[in-house]
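The data blocks that follow each hold one structure.
Shared between the two complexes below is chain A, which pairs with chain B and chain C, respectively.
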Partner chain A sequence: MFFKLAFRNIIAARKRSSVTLFLTSITTALLVFSSAWMDGSHFTMIQNAVEIYPGYIQITEKDFRANPSYDHLIFDASFIETKLAGNDAIANYAARFESFVLFSADEKAVGGMLAGIEPVREKHLSRLFSSLQEGEYLDGDDTNQLYIGSELAKRLQLEVGDEVAFIGNGADYSFAADNLIVKGVFQTGLFDFDASSAFVYKGYFDKIMAAENRATHFIVLPKKPGQAEQLAAAIAADLGGQYQSASWNQTMAALVKAMKLDSFFGYITLGIIFIVIFFVIMIYTLLAVFSRIHEIGILRAIGTTPQQILTQLVLESSMLAFISVVIGGLLGGILAYYFSIYPIVFSGMEEQFKQYGLAASEMPTAFMPLTILRDMTVMFVLSVLSTLYPIFMVNRFKPIEAIHHV
Partner chain B sequence: MNTFLTIKHIGKTFQPDKEVEVVALRDINLDIERGAFVVLSGPSGSGKTTLLNIIGGLDDATAGEVILDGKLLTGLSEVELSGIRRDHIGFVFQAYNLIPVLTVKENIEYIMKLQGRSQQECDVRCLEVTQKLDIDMLLGKLPNQLSGGQQQRVAVARAVAATPKLILADEPTANLDSKTAESLMNLMQRLNEEEGVTIIFSSHDPLVIAKAKHSIILKDGKVIADERTG
Partner chain C sequence: MFFGYTKSHVQAELFCIAFLLTFVFPLSAFAETAVEIINKVQSNLNGKTAVMNLSMVVKGKRATRTMKMKSYSCGDDKSFIQILYPGKDRGITFLKIDNSMWQYVPRIEKIIKIPASMMLQSWMGSDFTNDDLVKTNSLTDDYTKQLLAEIDQEYQVELLPTEEAAVVWGRIVMGVSKQFYLPTTVLYYDEDDTLIRKMIYTDVQPFGEKYYPTKWLMLPQEPEKIGKETMVEISNAVFDEDISESYFTKRALKRYSN
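On to the complex of A and B.
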């Protein structure tokens, strides 16, 4: 009976019901889409940042991340190699050796990173290959061929084919130096990275730097990037306490934190909108409930308990909220789904994006049904809550006061 | 004498403002028998509505006690009073006050449903009562599709269908023309006789007042006459 009454009352108060319905469903749609947008853009940014160079999982000697010196190198790269080769969850992996050297060309001398990489495997692991700007990428039989970041090349005034010397320390702390030829120039869009990095074939690097069977780290691409964390843990368990296996969550902790902070501020902005909507619905309900106070007094007079009046009115607002939230959730969900497949493209904004380390100007939304359900629940609870105060107000009256209330 | 309702030393003072006091009822003492058909009359402002509201537990008295069928109503909680109204008291208001979104049948069933009766029971009782009141052809209509007289008969049906011990009707005929008023009173009289329900109504229409077997006249919040004629 309360259901029937609630339903009829909603229909009877068509105007009020449709305004509430409209407000609540639009707000729900907004929340659902905003969540999808924030999650999506953060995911895109992190994915970009991860995939340019750092990789989903990094394996190091156990103390290397805290204290990155040659004392904490991986001294048995082939051991790790064997372990990783036997893991089915891994799509690709490669060893790297990063060292810091002084480059010098003509009058210029600039400090930077010179890393030995495995060019063929590295193609699948980072965007070094796809970031080629001029010349050529490295090969597995290169010797003193250099693949250099565009900004670093600019600072050293180098072009493809030019010669550059470097001086550094070998893995055994011996003095190492050689002449290199610029084979290719890359631009990832990450300015700092492009301004300080250069790569050579690891086979050559190992010889010149006394780094045979050594590495600063391995990077690993999981078959399922979404499960990087679990895989990192599994690898750590497999390798034993001598090594550390960290997922991007740890290696890029600062970025992850920044994204969380960004979400936090995003939700605060949404929260302010919600508070406004909350009060609009509350005032609206207050007016509506008070316009029915005489009727409520009559219901009380003929034997309806305050509890039953409460049930009746909460049922009305819940039914309305439920319908609104479903409509809003569908609407927001459809938008989130559409833009996850056909991402929003920010044409002409590539430059700004690159400052944030984004090599793309596409921003797909994240379509995650669970998040949508979460947002719908939040909105449902909020909109029902916003009707509670008016309902309690009207229920405080004695029947005779309610009947005579004007 | 089988006393059903006892009103002892009832007084009511309204205090609409801090400064103002309105004495609506002073030391009212009444005994009403089971199955009585009672009229409260008196000029406007004499306290009829106030007294009916206090008897029905819609309003608190400032002094005195109401004892309904051996049970003291004075001082009960809202929830207890709701239960008593639902199970034992039927109300008929001057302005009908049907639930606008419910059909005639649903209006009549409303209190019975609150009482927890089955749909089958409701159907049977609803038919019985509406036939007596000659509104059984209106069951599917909404209140706003009915005339005033029809609405008031539905209101009476709603009150009586839930088998209360007592029906309180505050000027039930005030909004009706005299012919409709008379037929409503005849119906109420019939219900009083056939169902044995005690009915107390207020009125200042001499034709309506004449129907009662127990006449109480109020003036300035006091009982100035209390006579049984039937």
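On to the complex of A and C.
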């Protein structure tokens, strides 16, 4: 009976109901879309940062991350290789050896990273291959062929086919130097990375740097990137205490923290908007309920109890809130879904994005049904709560006062 | 009253003079001594010219490497180093003129100027940095000196960088032998006053009229580097004899490579 009455009242007061419905729906849609936008941009930033080079999981010697020196190398790379090859949850993996060297071309000398990589496997693990700008990517049988970052090439005034020398220390701290030929130039879009990195085939690197069967780290791509954390833990358990297996959450802790902080401030901004909306709905409900005092007085006079009136009014507001959040959730959800497939493109803002380590101008939203449901629930609870005070207020009137209320 | 001064003025002046004589002059005399000590040390270490044969043993956590080299120096602003051993590195040469350093590597047939950004990198995989080789005259120019203590055999001198000095150390404490005016220990602290490394000079030997420490032991003190060390041992040295200027030119890098 209450349900029927509540429904009738909503229909009867069309104008009042429409305004409440409109306010709550728009707010819900706004919340759903804002969350999807915020999460989406954070996912994009992290995914970009992870996939360009660092990878989802890194395996190092246990002290290497705290003290990245040649004293903490992986000295038995084939052991790690065997272990990783036997893990079904891994889509791909490869060894890398990074060293800091001095590049010299003509009169110019610039310090930078020279790393030995496995070119074929690396294609699936990072965006080095897809970032090719000029020339060719590395091959598995290359010798002194260099794949160099575009900014580093610019600093050394190098083009494809040019010669550049490097000097550095081998894995045994011995002196290492050779002449390299630029085979390809890459541009990931991350300025610092492009300005300081160059790669050669690890087989060649190992010979020249006395690094056979050694690596600074392994990089692992899980079959399910969302489960990188669990896989990193499983690999760590399999390898034993001599090695550390860290997911991107750890290797890129600073970025993850920055994203969390950004989300925190984002939610504070949304919170302030909701407080304002909460009071708008409350004041509107207060006005709407007060315009019904006469009607409530008559109901009380014919024997309706205050509890029955409370139930009746709360049911009305709950029904309205429910319909609103469903409409708002759908609207916000459709927008979130649409922009997750057709990302918003900020053309011309690449430079600003790069400052935040983001090598992209497309920003897809994150369409996550569970988050949408969470936001809808929050809005439902908020809008019902905002009507409680006016309902309690009006229920305190005595029947005779209520009937005479103008 | 005379020359317009009252008696109280004169008393005040006399007090100031007495104060200066008692406290300030001895301090400045102390400071001068510290400067003199360091100047003597620098002069004894570098001489007018020096030709030395030396070996460097780098002890890491996993392996020990030995290198042999010959060094030519003229004062504290020019030096030339030739690597003689191991065979793989034989022929690598270094030239230092003032604050610049060049390296020649026969394998790549190239002369490379070491850029400022690489100055703190390890020199030939040792615990010395390029900066150590370049900034040999830095103690005289870039630091203020103060005598910390004077014990039986030794002076303890503290060196603090001057405001405009572009140096890596926040403080250096040097023990100086009174007998030879040569360093015995040098402690290097960073800007947070954490001890970063310790250098010990031992086995002072006569070379002609000059005495020189023939063993230099560099001990890094950072927790992650404990256990590593670099020992430089001088087997032969000739001081203050003429050295051809041709060693201190960029052309020498290639010319004296073999």
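One rule holds for everything that comes next: the second predicted complex is superposed on the first by the 391 of 406 C-alpha atoms of A that agree within 3 Å, B and C clash if a C-alpha of one lies under 4 Å from a C-alpha of the other, contacts with A are read in each partner's own complex, and residues count from 1 in each chain.
The rule is simple: a residue touches a chain if its C-beta (ideal position, glycine included) is under 8 Å from a C-beta of that chain, and two chains touch if they have at least 3 such contacts.
Nothing here was measured: the structure is a model prediction, and the numbers come from that model.
With chain A as the common reference for superposition, the partners chain B and chain C occupy compatible, non-clashing space.
In the superposition on chain A, A:169 contacts chain C only, with no contact to chain B.
Contacts of A:100 after superposition: chain C is touched, whereas chain B is not reached.
By the touch criterion defined above, A:67 lies against chain C but remains apart from chain B after alignment on the C-alpha atoms of chain A. In the overlay built on the shared chain, the residue A:89 is in contact with neither chain B nor chain C. In the superposed model, A:344 lies in contact with neither chain B nor chain C.
Contacts of A:303 after superposition on the shared chain: chain B is touched, whereas chain C is not. Per the superposed model, the minimal spacing between any CA atom of chain B and any CA atom of chain C is 74 Å.
Across the interface of their complex, chain B is touched by residues 1, 4-5, 8-9, 11-12, 295, 298-308, 398-400, 403 of chain A.
Contacts from chain B toward chain A in the complex involve residues 53, 56, 58-59, 78-79, 82-83, 85-87, 89-91, 93, 97, 99-102, 106, 110-111, 113-115, 158-159, 162. Those residues of chain A that touch chain C in the complex are listed here as 63, 66-67, 69-71, 100, 102, 104, 107, 109-111, 165, 167, 169, 172-175, 177-179. Contact residues of chain C toward chain A in the complex are 58, 60-63, 65, 86, 88-89, 92, 103, 105, 107-108, 110, 112-115, 117-118, 121-122, 124-125, 224.
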